[in-house]
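Presented sequentially are two complexes of subunit A, the first with subunit B as partner and the second with subunit C.
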Partner chain A sequence: MEKFLVSKGPYLRSADENKRTTSKIMLDVCIALLPVILLTIYKNVIKVFISGTYTSVYQALYPLLLIIIGPIFSILLELLCLFIIHKEEINNFKDLINIEKTEFGGLPGLFFVLTCPPYTPLWIVLIGIAVGEVVGKMLFGGFGQNIFNPALVGRAFIAFTFSNYLGASYLSPLEASIDAYAGATPLTFYSKLDIANITYDNMVSPYGGLLNFFLGMTPGALGETSALAILIGGIYLAIKRVIDYRIPLVYIGVVFITTFFIGLKVDGGIWYPTYMILSGGLFFGAFFMATEPVTSPKTPLARVIFAAFLGVLTVLFRIIGNMPEGVATAIVTMNIFGLAINQYVIKLRISGKLEKRFIPGMVVMIVLFITLFTYTIVFALN
Partner chain B sequence: MRIRKVPETHIEGFKELSIQGETYEYLSPKYVYLPMQFPSPLKELKSVGDKVLMGEAVLQREGRFAIPVLSPVSGTIKGVVKRWHQSNKMMNMLEIENDYKDTVIDDFKNLNPDKMDRHELVELMKTSGMVGMGGAGFPTYAKYETDKPVDQVIINFAECEPYITSDYTMVKLNPGLFIYGLKYLMKAAGTSKGVIAIKNKDINKPIIESLNKHLLDGMSIYLLHDVYPAGWEKYIVEKVTGKTYKMLPIEAGAIVSNATTCVTFAKLLKYGLPPSEKYVTFVGDSLKSNGNVLCKFGTNVTELLNLFGGLEENTDRSHTNFIAGGVMTGGAMFTEDFVTSATLGAVIVLRDKLYDRVTPHCLGCGTCALHCPVHLSPYEIKRAMKTGNIEMVKELEVNKCIQCGLCSYVCPSRIDLTTSIQMAKELVRRMG
Partner chain C sequence: MTRKENFLKGFFKENPLFVLLLGCCPALAITTSVENAIGMTIAFTFVVTLSNLFISLINLNEKIREFIRPIRIAVYIVIIATLVTIVEMVMEAYLPELYNSLGVFISLITVNCIVLGRAEAYASKNKPLDSIIDGITMGLGYGLALLIISFIREFLGSGTITIWKELKIDLTGLYKALNIEPISFFKSSAGAFLVLGIVLGILQAIKNRKARKTKEKRVVKE
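Coming up: the complex of A and B.
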């Protein structure tokens, strides 16, 4: 009689029950991005149309074009890479598609464009995606094997290489028509200012108050401006347990606390830390990029430490390094150290030293570290 | 020693399937088969052609915890044949032909447990070859023969493997015997405290109620959470005693026995019936019907399968797993032509759901690590195995794995973590 199949146990899998599969997780990420995408379309396309400040329909629709081209281009590129890597196993197009189904190739492209200014020249976008896809993902072996967040690899690359081209591409035609927007985005504007000029009137008033920052009606990258839209998507992901709430909470919290102390040196207003967390892609980075499962630590404590360092680095890059893309650079940097932190925490977990008493200890350490760090910066600013 | 919180994972039980099904008795098989090489080579006490009584020792487990293996029926030893064992290996087995007389050996007749002292009860466990029927098959007497202080006997009635209702059926049909067994297990342990650890879930409510009515002095019921692996000995001992241990529950002052073992002990004391039968659950989407059957150890599964109508028509064997034991810790068999034993709780036949589906890589979500009851990081171990970093595998303390199967169960990418870790464990052990 024919033999029964002997497959690997256990024979009950939650993935088979269709409860929580990787495909579903990725789908949830796409769903969570919807509010962000809708808002950016409203802000960068619909509002521009209504205002009539555009010179051509192409110009008005350009941001939408980017959002569509991003994922498509990254899928095509990935198909090409996969074809080269798996040449022997692939007999027809269907095989290729089957492999691609488990690679989720559209996401890096989508994430990448969402971190780009709305009017980034197309060729820069394509180069950025290519670098992210190929260097950040496929060279490591594809989905699940990469160390760095592919979208951010691309983003950091274009930030360093083509920064001259990016400045002007932030403003929509509508925004460009407003004189008050002296700098490209609130943060690029900020990096040009002297510490003495850091005042509410200089930094927030031109953009119409902090609520505008929260709603996302300020100039900035496609997906990064609206804290509200990101929060909706982010909370959805946290509830669905796709992301760990600890990462955005600690990340944003640390930036807030650190800049609060720095703000004491500026003019002591609570507006300053609020402004700092609402601008420059911090929310987007904290909810969607730093939490990306492949490249972030896997254990709760490691995630907390990872996020705390992210906060510190982001502030460091922004204030000392004068880099508006502090978030992207910080996350890519921490992708390396995240692995080491994770290794450390894993061993603690196994050996049983990761006890309740240990965690408050870590928290105290982190707080101390941040305070020390803030004071250093405050002195550096003098 | 401090207790670390064990991650608790709820797994759907699918217990109704077999509870709602028929319950059969199949106690007169023509032949029974006793493995001669499991867990290690056994010594033959009888030879081919000998007549044996039910409860007569025919084989002897040797080594540190030596116990006899008794004949589950009375009859004649026909020979040594090759048969499939539940570990999916073919091995030599003693074939005993049933004379259908069920003549029990004199040793177990007219026992009077009230007159027996602790030592005699333990000795009886030894001569009757009792083993734990929860799965590991550890000799029962070895747990009770201790000079350390025993605070309590804990009955492991968690039955946390999905689908299986073998203990459930045994206790549900014999609540009085169950309590009777516990009474003398407590006596054998020299303690006046007995705790029945059972999962707090709806299907158990009637049992808990009826047990409550039967409870004797010193006995109580501990309600476990409906989680996996609630039947893990360490978990139960920690929950019930509030203490943890390194190697054996006795360090925490507890002796843990399985529910069916308890009833089996009662049957021996009360009716002189040597340990020879238990319920086996038959369940799965490829079976005509589901249910439980009380059968002799060593019964051929093919015969039992017929009671349930056999396999569904047009079952595609090459896409069906025929599982000996539970879905989480059991193993798939090549054939249904194997034999039951004291440790086989279920036969589960399921269509393979993975067929023709591509699974993605590990996405590094860390879910497997969060659910591992011993706090390992399965994905890291698998990665270290892949890169051949044995030092790392050791550092990740793969030897602590209890092979519960949870990591594979929870993984959204459906990665076979448990089998990899089993291999890693094996490798590390062989390298010393």
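Coming up: the complex of A and C.
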């Protein structure tokens, strides 16, 4: 008798391309991360070395150390978890490695480190990886079963628990020597400003123009600063069809539109929404986190809805929340609703036409979106 | 069920919090320190034991039992509320600090589902002595669960273990030696959910393993 094979998601359609396996997708993600990692090494290590402002070699190499330790620690933790889970089936170390090969344990650790400030104390990084890896991934059943993005679970955990440490570990010795930098990151500074004080001179000039934001020469977390490097990686992934271009496009677009309306009150300049999409972890979140195949919706329409809500929530959290950045919180929040949106869209698609039973859900989503949108703008302007 | 079995069931086999998942609300709210857990255990055991006794006594008489049948929940609540009021007043008079830190959760013992559940499910059908034993084991079992959760939460959240007022084990030195800080997340209620979930998961894993082993043994015998 033949048996049905039930395997873990994310699933691939065989029509997509020949011989595309999950490991190839993950390899593509690693390739796409390369420009981000190279640029962050240039910005946080090489530039500091050239300027000579470091006090010890350890301090100068610290960001590189984090990028190396993150994935390794994550894999080790996952091996431990897998050993506990599959104790009966494992006879020797080789079996364990074979299971680990389908779990891709290094990626959550790498992503987590890239969302951390460059000088985060090592123990905070380790705690964050442990929470993300064990609570966010393995307790749900491992790769393909997790509801939340593991890296962001860890990031949200340390952001809420050790916010004072994180705020102090953004600036490299080179950046700390520049007097013009008023806050830890552009967004930290922005969150302390009144709406009346928001001007181009105040917010962008200290960092030397918007081009610096695009290139990533502003203080910020390891992987998030350079929109250029992320764009290169993201476009590569989109061409390879690993990620859906709709999510980043809609996500960044909605953030741009929302902040454009807020910007009308400021001085109407296009610089304000550009500043808002280029600062913080928006690009990194949009291209690498919100598109994660396991936790994001699978149908195109559901992805658009998902990304639109992400955009509004991100601006909302940035403006109202007591933390300067809102991307991580917004993505974790929307991961909860991703499955529901996906189910709704699938039913809609099967039915083929707009039946009566779909109207309540649609009304709820539209009303919720408009409410959040207007609330964000009204709150920001007062 | 012998008396000994009856006494032992509350700790692991029928633990109110870990197995029946009753009384989650105070378990999540007051377990920020071991001291709170101990205070809650004492108050709770007192209430559940005596309420079991009185309810069992009421139900001994066939006539009264039939008479109060339609309104029995209200009668039970009156008895429990009386006991809780006693505990609350005594605690406010003699242990004001503990009273303040436990706050509203002392009064909420009244509507705690364990107390009412034991009254309805056990005390109303059993003899007074058995009911007392059941009350004690439920109270202590719940206390054990609270102790485990509060121990983990206080150790990770603030780095101390407060046993009673001044009697305190200070482990912040350990944190300092490692050059780290306690994780304040575990002081919040979200941390309580996480700890409760993980403890439940570990206990379930142990139970599953035991069940599998006994099954294997049976297979081997056959």
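What we mean here is this: the second predicted complex is superposed on the first by the 339 of 382 C-alpha atoms of A that agree within 3 Å, B and C clash if a C-alpha of one lies under 4 Å from a C-alpha of the other, contacts with A are read in each partner's own complex, and residues count from 1 in each chain.
Rule of thumb we're sticking to: contacts are C-beta pairs under 8 Å (C-beta built on N, C-alpha and C of every residue); 3 or more make two chains touch, one makes a residue touch a chain.
A quick note: this is a predicted structure, and the numbers were derived from the prediction, not measured.
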Partner chain in contact with A:135 - subunit B first, subunit C second, else both or neither: second
Dominant contact partner of subunit A by residue count, subunit C or subunit B: B
Partner chain in contact with A:22 - subunit B first, subunit C second, else both or neither: first
Partner chain in contact with A:199 - subunit B first, subunit C second, else both or neither: neither
First (subunit B), second (subunit C), both or neither touched by A:294: first
Contacts of A:51 with subunit B and subunit C, given as first, second, both or neither: neither
Residues of subunit B that touch subunit A when the two form their complex: 2, 4, 11-12, 88, 162, 317-323, 327-336, 348, 350, 352-354, 358-367, 369-370, 375-377, 379-380, 395-397, 400, 405, 408-414, 416, 418-419
For the subunit C and subunit A complex, residues of the former touching the latter: 178-181, 183-185, 194, 198, 201
Touch list for subunit A against partner subunit B, complex: 1-17, 20-25, 98-99, 101-104, 142-145, 293-300, 343, 346-347, 349-352, 354-355
Subunit A residues within the subunit C interface of the complex: 121, 123, 127, 135, 139, 157, 160-162, 165
